[in-house]
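Have a look at this one.
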Amino acid sequence: MSMLLLIEQLLNGLQSGLMLFLMAAGLTLVFGVMGLINLAHGSLYMVGAFACAGVAAATGSFWLGLAASIAAAAAAGAIVEVAVIRRLYARDHLDQVLATFALILIFSEGTRWLYGSFPLYLNVPPSLSGSVTLPGGIQYSLFRLAIIGAGLAVAVGLFLLIGKTRIGVQVRAGEADREMIAALGVDIGRLYTLVFALGAALAGMAGALVGTIQSVQVGMGEPVLILAFVVIVIGGIGSIKGALVGALLVGLTDTMGRVLLPSIFDLFMETSAATSVGAALASMAIYILMALVLIVKPGGLFGARA
Amino acid sequence: MADPILDIRGLSKSFGALKATDDVSLDLRPGEIHALIGPNGAGKSTLIKQISGEIAPDAGEIRLDGRSLSGVDAAGRARLGMARSFQVSSVAAEFTVLQNVVLAAQGASGATFRFFRPVMRDSALLDPARDCIAQAGLTGRENVPAAELAHGERRKLEIAMALALRPRLFLLDEPMAGMGTEGARALGDLLDGLRHRAPILLVEHDMDAVFRLSDRVSVLVYGRVVATGTPDEIRADPEVQRVYLGEEA
Amino acid sequence: MSAAEITAAPTGRGGRMARAQIVNAALALGLIGFGVGAWAMGETFLVTLATKVAILAIAGAGLNLVLGFGGLVSFGHAAYFGLGGYTAGILAHHALNYTPMFEWPVLFEGTTSMPVIWLVAMAVGALAAAVIGALSLRTTGVYFIMITLAFGQMIFYFAISWPAYGGEDGLPIYVRNGFPGLNTLDPIQFFGLVVALLLAVLGLIAMLARSRFGLALQAARQNRQRLMAVGIRPGGVLLVAFVISGAITALAGALYADLNRFVSPSMLSWHLSGELLVFLILGGTGRLFAPLAGAGLYIALEHLLGGVSDHWQFFFGLLLLGVVLFARGGVIGFLAGGRKHG
């Protein structure tokens, strides 16, 4: 295993962690502020990816596609919030799970109806194609590097939004005490729609960016959704900081596990067995991480409560 | 004087900088009602939760019948006969009155992991449960779901469940809260008779009830016990009048 | 079964009780009648469909024990279903290929005997549920949902990436496993076997619900603080329920593998966990026969809507959304009346 490969994989882990953060941030905000578990968050990720693919194909511009992904996911989020989600805030978690599970079926099958089952592929914009040489002589994809930058920028923006702005104050107050925030004269209905749309926009953006590296297809949001749940469980529900730390931990553990575990087993096993044992263990690594966090801190690393 | 049933020594609990319980010592003797009063935020509920085992104290010791309770959780303390009622009524709302009390009798029996016999035909639980329901004055209401009970009846249900635990002591957190004058008086009469079954540590805001029923009163202010004595001594205590009656009355 | 149904026997709140029992009996007889009728008319496919309903109802009944009675929203029950399926597949694989499963401490060559497979599958399901339950029950509410989902995914990905038993491609069972005295390859005989197991499982759950354990379990759903205050630790009660639940769902998985003569990671997929939850809400949460009503309705819709449109899940999603938002009693609530849980 060369040092260069290791650093490249570290960067890949960072990149996937930051994209997970975009997903987890919306989920954790929606749970922290509205007390809602939203399985359909992965569908918003998919909506963003398809919007990007559709607009980019029609206009030839990736950037218009990216803007469309954010706008479409935010709009889909706002519509779903107004039409369905706000009826669920007062319901128990089982109803929330089932109703948002129904939304997944509607979104996935609806998208399949419109676009078919074949994956779509997005082209990396010309200005970001190719690779750059990093200090130390590492060749790394410029687009992935740009995603890392974008993820970091959004993370900083989100912390500023929550920490420094009027909306952020309202969001934090809403987490602490719903009645207080109503007493302050804030329009709760509007705030909830806004928070939901914001989370959806972040998910849509992640969908477009990851869709460009991988592919755009129905069901692409589901594995990411479940990883985002693992992130939130590790980080602590409702905590943006927890979502960031959890996302980076999960992204790095997953990526590094897949690279390192087979090589580690190779040291004391024959190669074919090492590959399969390593791969199987790597596929479970983040869940084992989650179990360890649960044993030590059942409320998550930054969770307010168990 | 008989040995105390409950003996609390030097109990302390802080939440950050807030001392919710500050070196509290008090005891509960056989046959008495010992009232715990104090202004809102004095730390009464926090103290009750430490006694019942729902939260752990930072320092100090609680003994039940001379046995230290450190390391015994809430369920273990209940089985040792610590029968607790809650500030806001807490029962199984979908169960009937009888099912709730049978549940308590089952808890006292210590045998929950039995999978075959129908519990509602188990006379080892049904007989004591019906007896406790009668003592709490709920006869005739056995088959009413708890959710459909009037507020006062739900308080009585909690008393019946406490009785079914074969209590060594009662830990009652504001049993009169939300009751009208009539209801409070009737419940007071019920408690009056209960002290001979097991002593009562009573947290209560209804001062008429406290001074009518109690053998002793302890006053808690900012987590500290500022006075303990008979109702007459407490009424006359200048410290109490200053910090407590002065604020509330 | 609900709280009212439990009290009904000694206290005589009879009317609603009788009606719920009539609905339950009608559901059971309906399933048997459908299977036998289809067999009489030579519609083998429909017999298989009825068998599938009965198997999924067993899986749902396992989930119902923790969800309907204990109030635990487990979103990972596909794990036990799939583990049961893989148990059947792996045991049969070794037996049919004459490759011993292990030689130490004794030689074990696998088996094609259903009773043995069922016992092993239930043991595997119980063990997995004990480990996952012990970890997940450290948390409550939405954490519990996400954690059970995550552990379910862990086993799913493990099955995909472990190549020894087919990995992503799954594992075929060339000949359906056998049961002494029966020809399990005959659809109606297999159907009868599965229905007998379904009724046994429902009877077991009815018995548990009425027992001391069941009283504590249902109290844990309503008020854990109160349960603690009467000296019963909710954690132990819920964990035991979770283990029994895992065993029952694993049994269903073993039967499902034999029905399809094939096991694949799709048995472990989180969609299946979601579908099991859907059965319960379609049938009526907290009702003993909810899994049968729900699974029957789901399979019927899949069959009927699927015949009309390839995109039947789109319409099913709309229907499910409508049921969750507006019709919370489910089928049994609609037919038998009465509130959820009593």
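The chains carry the letters A, B and C, assigned in the order they are written, with residues numbered from 1 in each.
The rule we apply is simple: contacts are C-beta pairs under 8 Å (C-beta built on N, C-alpha and C of every residue); 3 or more make two chains touch, one makes a residue touch a chain.
Protein names from UniProt, one per chain: A = Amino acid/amide ABC transporter membrane protein 1 (HAAT family); B = Amino acid/amide ABC transporter ATP-binding protein 1 (HAAT family); C = Amino acid/amide ABC transporter membrane protein 2 (HAAT family).
Keep in mind that what you see is a predicted model, and the values were worked out from it rather than measured.
Chemist: Looking at mean CA positions, which chain is nearest the middle of everything shown?
Modeler: C
Chemist: Taking each chain's centre as the mean of its CA atoms, which one is most distant from subunit A?
Modeler: B
Chemist: Express in whole angstrom the distance between the two chain centres, defined as the mean CA positions of subunit A and subunit C.
Modeler: Computed value for the inter-centroid distance: 32 Å.
Chemist: What's the distance between the Cα centroids of subunit B and subunit C, rounded to whole Å?
Modeler: 43
Chemist: Between subunit A and subunit B, what is the gap in Å from one C-alpha centre to the other?
Modeler: Computed value for the inter-centroid distance: 49 Å.
Chemist: Show the residues in subunit B shared as contacts by 2 or more other chains, in ascending order.
Modeler: Nothing qualifies.
Chemist: Among the residues of subunit C, which are close enough to touch at least two other chains?
Modeler: none
Chemist: Would you please write down the residue numbers of subunit A that are in contact with two or more other chains?
Modeler: Within subunit A, no residue touches at least two other chains.
Chemist: Which of the residues in subunit C come into contact with subunit A in the complex?
Modeler: 67, 73, 75, 135-136, 138-143, 145-147, 149-151, 153-154, 157-158, 160-164, 270, 274, 277-278, 281, 285, 311-314, 316-318, 320-321, 324-325, 328
Chemist: Write out the stretch or stretches of subunit B touching subunit C in their complex.
Modeler: 52, 54, 73-76, 78-79, 84, 86, 90-96, 98-99, 102-104, 106-108, 110-122, 125, 142-143, 145, 161, 164-165
Chemist: Would you mind writing out the residues of subunit A in touch with subunit C in their complex?
Modeler: Interface residues on the subunit A side: 31, 37, 84, 87, 93-95, 97-99, 101-106, 108-110, 112-113, 222, 226, 229-230, 232-233, 237, 276, 279-280, 282-284, 287-288, 290-291, 294-295, 298-300, 306.
Chemist: Which subunit C residues qualify as touching subunit B in the complex?
Modeler: Per the touch definition, subunit C meets subunit B at residues 2-4, 6-7, 9-11, 13, 207-208, 210-216, 218-219, 222-223, 225-233, 236-237, 240, 341-342.
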